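In this document, chain identifiers A, B, C and D correspond to the written order of the chains, with residue numbering beginning at 1 in each.
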Amino acid sequence: MAGSTFGNLFRITTWGESHGPALGVVVDGCPAGLSLDEEDIQMYLDRRKPGRSRITTSRSEADRVEILSGVFEGRATGSPISLLIKNTSQISRDYSDIASCYRPGHADYTFDQKYGFRDYRGGGRSSGRETAGRVAAGAIACKILRQLGIEVRAYTRSIGPVAIDPQRFDFQAILETRTAMPDREADDRAVAYMEDAIKRLDSVGGVMECQVTGVPAGIGDPVFCKLDALLAQAVLSIGAVKAVEIGDGTSVSARYGSENNDAFRMRDGHVVKVTNHAGGILGGISDGGDILLRAHVKPTPSIYAPQQTVDSSGHDVDIQIKGRHDPVIVPRAVVVLECMTAITLLDAMMANLCCRMDSLERFYKK
Amino acid sequence: MAGSTFGNLFRITTWGESHGPALGVVVDGCPAGLSLDEEDIQMYLDRRKPGRSRITTSRSEADRVEILSGVFEGRATGSPISLLIKNTSQISRDYSDIASCYRPGHADYTFDQKYGFRDYRGGGRSSGRETAGRVAAGAIACKILRQLGIEVRAYTRSIGPVAIDPQRFDFQAILETRTAMPDREADDRAVAYMEDAIKRLDSVGGVMECQVTGVPAGIGDPVFCKLDALLAQAVLSIGAVKAVEIGDGTSVSARYGSENNDAFRMRDGHVVKVTNHAGGILGGISDGGDILLRAHVKPTPSIYAPQQTVDSSGHDVDIQIKGRHDPVIVPRAVVVLECMTAITLLDAMMANLCCRMDSLERFYKK
Amino acid sequence: MAGSTFGNLFRITTWGESHGPALGVVVDGCPAGLSLDEEDIQMYLDRRKPGRSRITTSRSEADRVEILSGVFEGRATGSPISLLIKNTSQISRDYSDIASCYRPGHADYTFDQKYGFRDYRGGGRSSGRETAGRVAAGAIACKILRQLGIEVRAYTRSIGPVAIDPQRFDFQAILETRTAMPDREADDRAVAYMEDAIKRLDSVGGVMECQVTGVPAGIGDPVFCKLDALLAQAVLSIGAVKAVEIGDGTSVSARYGSENNDAFRMRDGHVVKVTNHAGGILGGISDGGDILLRAHVKPTPSIYAPQQTVDSSGHDVDIQIKGRHDPVIVPRAVVVLECMTAITLLDAMMANLCCRMDSLERFYKK
Amino acid sequence: MAGSTFGNLFRITTWGESHGPALGVVVDGCPAGLSLDEEDIQMYLDRRKPGRSRITTSRSEADRVEILSGVFEGRATGSPISLLIKNTSQISRDYSDIASCYRPGHADYTFDQKYGFRDYRGGGRSSGRETAGRVAAGAIACKILRQLGIEVRAYTRSIGPVAIDPQRFDFQAILETRTAMPDREADDRAVAYMEDAIKRLDSVGGVMECQVTGVPAGIGDPVFCKLDALLAQAVLSIGAVKAVEIGDGTSVSARYGSENNDAFRMRDGHVVKVTNHAGGILGGISDGGDILLRAHVKPTPSIYAPQQTVDSSGHDVDIQIKGRHDPVIVPRAVVVLECMTAITLLDAMMANLCCRMDSLERFYKK
């Protein structure tokens, strides 16, 4: 399947390469009447923008979004919203180092195997810049969800061995720390860890976490479109993610059932779960608790240290990667995780509208 | 979206509940000419069949598959293949214990919230029996892949704290041990661990692993239909799975790039990766190495010990679950993981056929 | 794409061949809570059942439907509904006349070209019996629509040169005449016309019409999922249909705009159209008027007269078709048209639920 | 479903309104390696460009296409191709005549009913300008098909009562006549007919025809994805089309089977059909003959004569439409028909690649 479209009812189609004239996304199915302007989207794009500190690439992109369709007099019309972000900082450098040889950990080899050749400038379509379109679309999804009382928030949970301390959790810090950690102390230590890696021409990995509050119970479909299954696709579609966990994730496999089940209780006339090991999803359907998921991100594959590889003519070669790149992917990917989570959830909420006869009757019966 | 369909070109639609007259699947897009009979499918169903030992439910289902369409004179015709499995061992017991109250860790509450009511007999559609259809369809996908030189093999990697020892890895053991572990010693210890849990009216979790050999490079699409993203959806759509890892998975987040990148080298005229931390997928596209993934499975939520919950009238109650259920899900889910992996991979291989102009020309140019 | 699935939110997957053990359909996305039993479906199947008169095939099928899943205590649960219809009257006759040669007007040649071989018994998957699954699914869609105040009614408009007279239109007659015409006089003349054709070992064609009343304005999406575009796919997916018209259809091409536009006027506080040349759809979206469409059906390709053709070894041969078949397709296809129209409309109505921000807020805002 | 995406493997997503800053399309799934530049696309856009004669709108758009992604060094990379066409001639006129009242025959009323409001400038998304994106995408599909030996050609068959004469059929004339008729004499008479209508402030309709040569047998899927069913959706998704015919279309309903069946014969070692009443499709699958289809187009709903309508406050009003519009839609829609036909056929050809086991083996078996 043509792989640049995601979602069914709220459906996004991204396009663009690292070094082409522009990148963008078409958002189809945005509900009519949503108040929307470029600033709503720009604030999300600014969170993934490079160039804020030593720990991101030195490439500096304005990443200004333009709305080309689907909005009239400040409101979404229901027609597809086309969002355009011009590439302004592509440097026409010499790509001979990577044009004909395969960077380890990158998609160079696999693109060549699949398509017969590739746009090697800056990674082409496999560049992290591809996520700009996702973030622009996700900003819209986040705005819609917020109006429905749902808040999606992602942050850095750990970088290398440096993890946040839940006791120091500070949401405000996410937008202010260099690592997008909600813990200023951990941020300092993580930056020190990264700077050490940079000195050694190396890169580091990390873990992102996303929390969604205010989700009504009942979202997601049993079997193949379980909410957690769709979220897993969304999260693993972000480059460099190698594992996803829902709720307590990997730790459940070593537990007893009596430890892992979340008991239900009545509180003020509402059903609540006493614990939330499940991460807000039971049987693939939201249970009214907070949704919690984590994504494990590999170290940036581009490192300045020399590496062994082969070239497209079939010779062993050594490669030393030049150019600009982030020594860690996580801080700028956090907003991508947030956006993909929002898009997935919103699409599932839309699909949920027609699952009961009484909903149909409420809408259509005269 | 109607959530019981998976795949695009090789597309399966499952149906059926635990206590209805039958379960089944429609497989649409099976390539014409494939030699196929019921035995090809039955051998996979037998692997998920309950009743083989103390560590599975005492419910005993013959799980005989019938082919109702799409096969003529021993070969698939290209028309949809409808597979039927009759439920023969539904016990019409008293369900008053679960009809009106919500079992912790189960989908009872979320189904009621979504649909307004539910088929409470044996979990209805959210029962593990739903996977019979997936396995029947997956048997076909596995057979096709095998003819293309691709072998998909899943097994139990750990149960509770008891993990297999890679030094003792024995593929033959998968089909023979009670836990589906490829390590007979670990199997003994895992069974002892489970029996202890059973005595304490508790249940246990575990980890499944799946290995795919012979995959050509180039399968999967960049961006949203990355092969690993599709696999993640497939795997997390299996009930009770709470995390999925590709290749080295969660461990990559604490590594340096220099440790995690897989170097390329030429070997006998072929490109090989010296290591396979990536699990056979780079940039969402298969790289020619073995695909490796893991699924973390929570302990069976049904336990015999009493638990706190609420009923559908909004009262706190205690529940003690009766009936038949597995104290651990993993051993019978291993074949489901294998089948979902095969279906996903085959569908992606089909989509890959049209991604190059030279392939189209090879097919169609006169 | 695997071609046996239709619809997105109300999604049907049909399977089965003329001479296999059974045919059926899986209906996924049926809204939970719908009261449903086998009789609701049987009454639609009975309308397409053969054997009611000389003008239908002498094959006599009970066409009894069984509900295998998705209904609990008389109500749809929201899980897929699997419907099974056993083939009971397949005659194991000698197929040597058609096994190796291609019946003109049939899909024998094209199936062989596509798949390399075919199930030649009674046309296999390309048999009109395939529509039994559509009708079973459509019966559910019709029931849902009726509860929303929408009535879908198809009938025979003409057979050969014999057309109904709008002055004599009598809905009751549809279910009682041999031709499914809503005009008993025309029915008599049409039967005479067909009987004459039968005598000459020939077959005849005709036109079906479908009228939908009570459709709210606003259904259908601009651009590719226009309601009329989706209906056109649905209608032309019925075997033997060669043309579809919406509203005044082909006659609009010879008109002036001043003749063809439907003026709007206020009547009792509601917007109405003074005429309905458009057939209830403007810009791909329902306008609140009755939807009207027509399908032109070719004569049954199976005729008893000898015909020129070729065999699969590449020789010119003459063929004389034996076996049982209808001399006209229309009377039994009318209910198929009705069902496909209902399924398409319902699916579009479901998709429409999420197109406005105020609808989402009505549902989800606390 | 979000309705601006069409196709599965060759998938297009259009966006843009009549009076926004730009329109465009994202083409996902274009086979890698296709040689492609802007001129390939521009020559198709130029065919739908307004302003060539009195019989098209006086709005004059350059309609220059820009390729923003997916092409590298003159070849498609397999990544989505984003095509942008700037609107340069939107006149900011006074829209008070149509902002609050509903033009008969247009989508004003239905958009308001669906979305609650609309972009009224020039028809917004429902404007014929929406088709620019389709044509840009279709130009790519046509180029691919041509390389596979397949030629898609659409033309005007009739305007009002003036039809082409098959004896005078001249393909070259399509691109040269004002009406896109392949018959210069008919063109003269059609222009006279239209000019008379223009004088009377009226508009006219017509019929378009599309012919596809070189199609291999075997394309299309039985049941819901019949090639003719998909073509019907494609064709009726073009605004103002009210009927579609395949092959002999509506005329088949009045025929006998013996007249309508196409006999097969061997010619030079190939199977051919002696006639082609079926229009190249049997049982929903291409039969190797030319594909032939027709679309009936209503008269332009915008006419200068006064019309009765209502306004959004619920009052009867008279409307007199100002602004620029074509008195007939057909001549500029011909290239849209050609493009939609090409996109549909190409997508079906791609899906066909995986329908046989021997095709999969040819590709993947080592």
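In this text, contacts are C-beta pairs under 8 Å (C-beta built on N, C-alpha and C of every residue); 3 or more make two chains touch, one makes a residue touch a chain.
Worth saying up front: this structure is predicted, and the values here are computed from it rather than measured.
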Set of chains adjacent to chain B and to chain C: A, D
Interface composition of copies chain C and chain D: same or different, split at half: same
Chain pair with the higher count of C-beta pairs in contact (B-D, A-D): A-D
Length of the line joining the C-alpha centres of chain C and chain D, rounded to whole Å: 26
Chain A and chain D, separation of their C-alpha mean positions in angstrom: 37
Distance between chain centroids, defined by C-alpha means - chain B, chain D (Å): 44
Residues of chain A touching at least two other chains: 1-5, 8-10, 14, 29, 32-33, 78-79, 111, 114-116, 125, 222, 351, 355-356, 358
Sites on chain D touched by chain C in the complex: 1-6, 8-9, 14, 102, 104-107, 109-111, 113-116, 125-126, 130, 158, 160-161, 197, 202-207, 217-226, 228-237, 239, 242-250, 252-266, 269, 271, 274, 278-279, 282-288, 296-303, 305, 307-310, 314-316, 351-352, 355-356, 358
List of chain B residues in touch with chain D within their complex: 8-10, 29, 31-34, 76, 78-79, 144, 147-149, 216, 222, 349-351, 353-361, 363-366
Chain C contact footprint on chain B (complex, rising order): 1-5, 7-11, 13-17, 20-24, 26, 28-29, 32-33, 66, 68-70, 72, 75, 77-82, 84, 111, 114-119, 121, 124-125
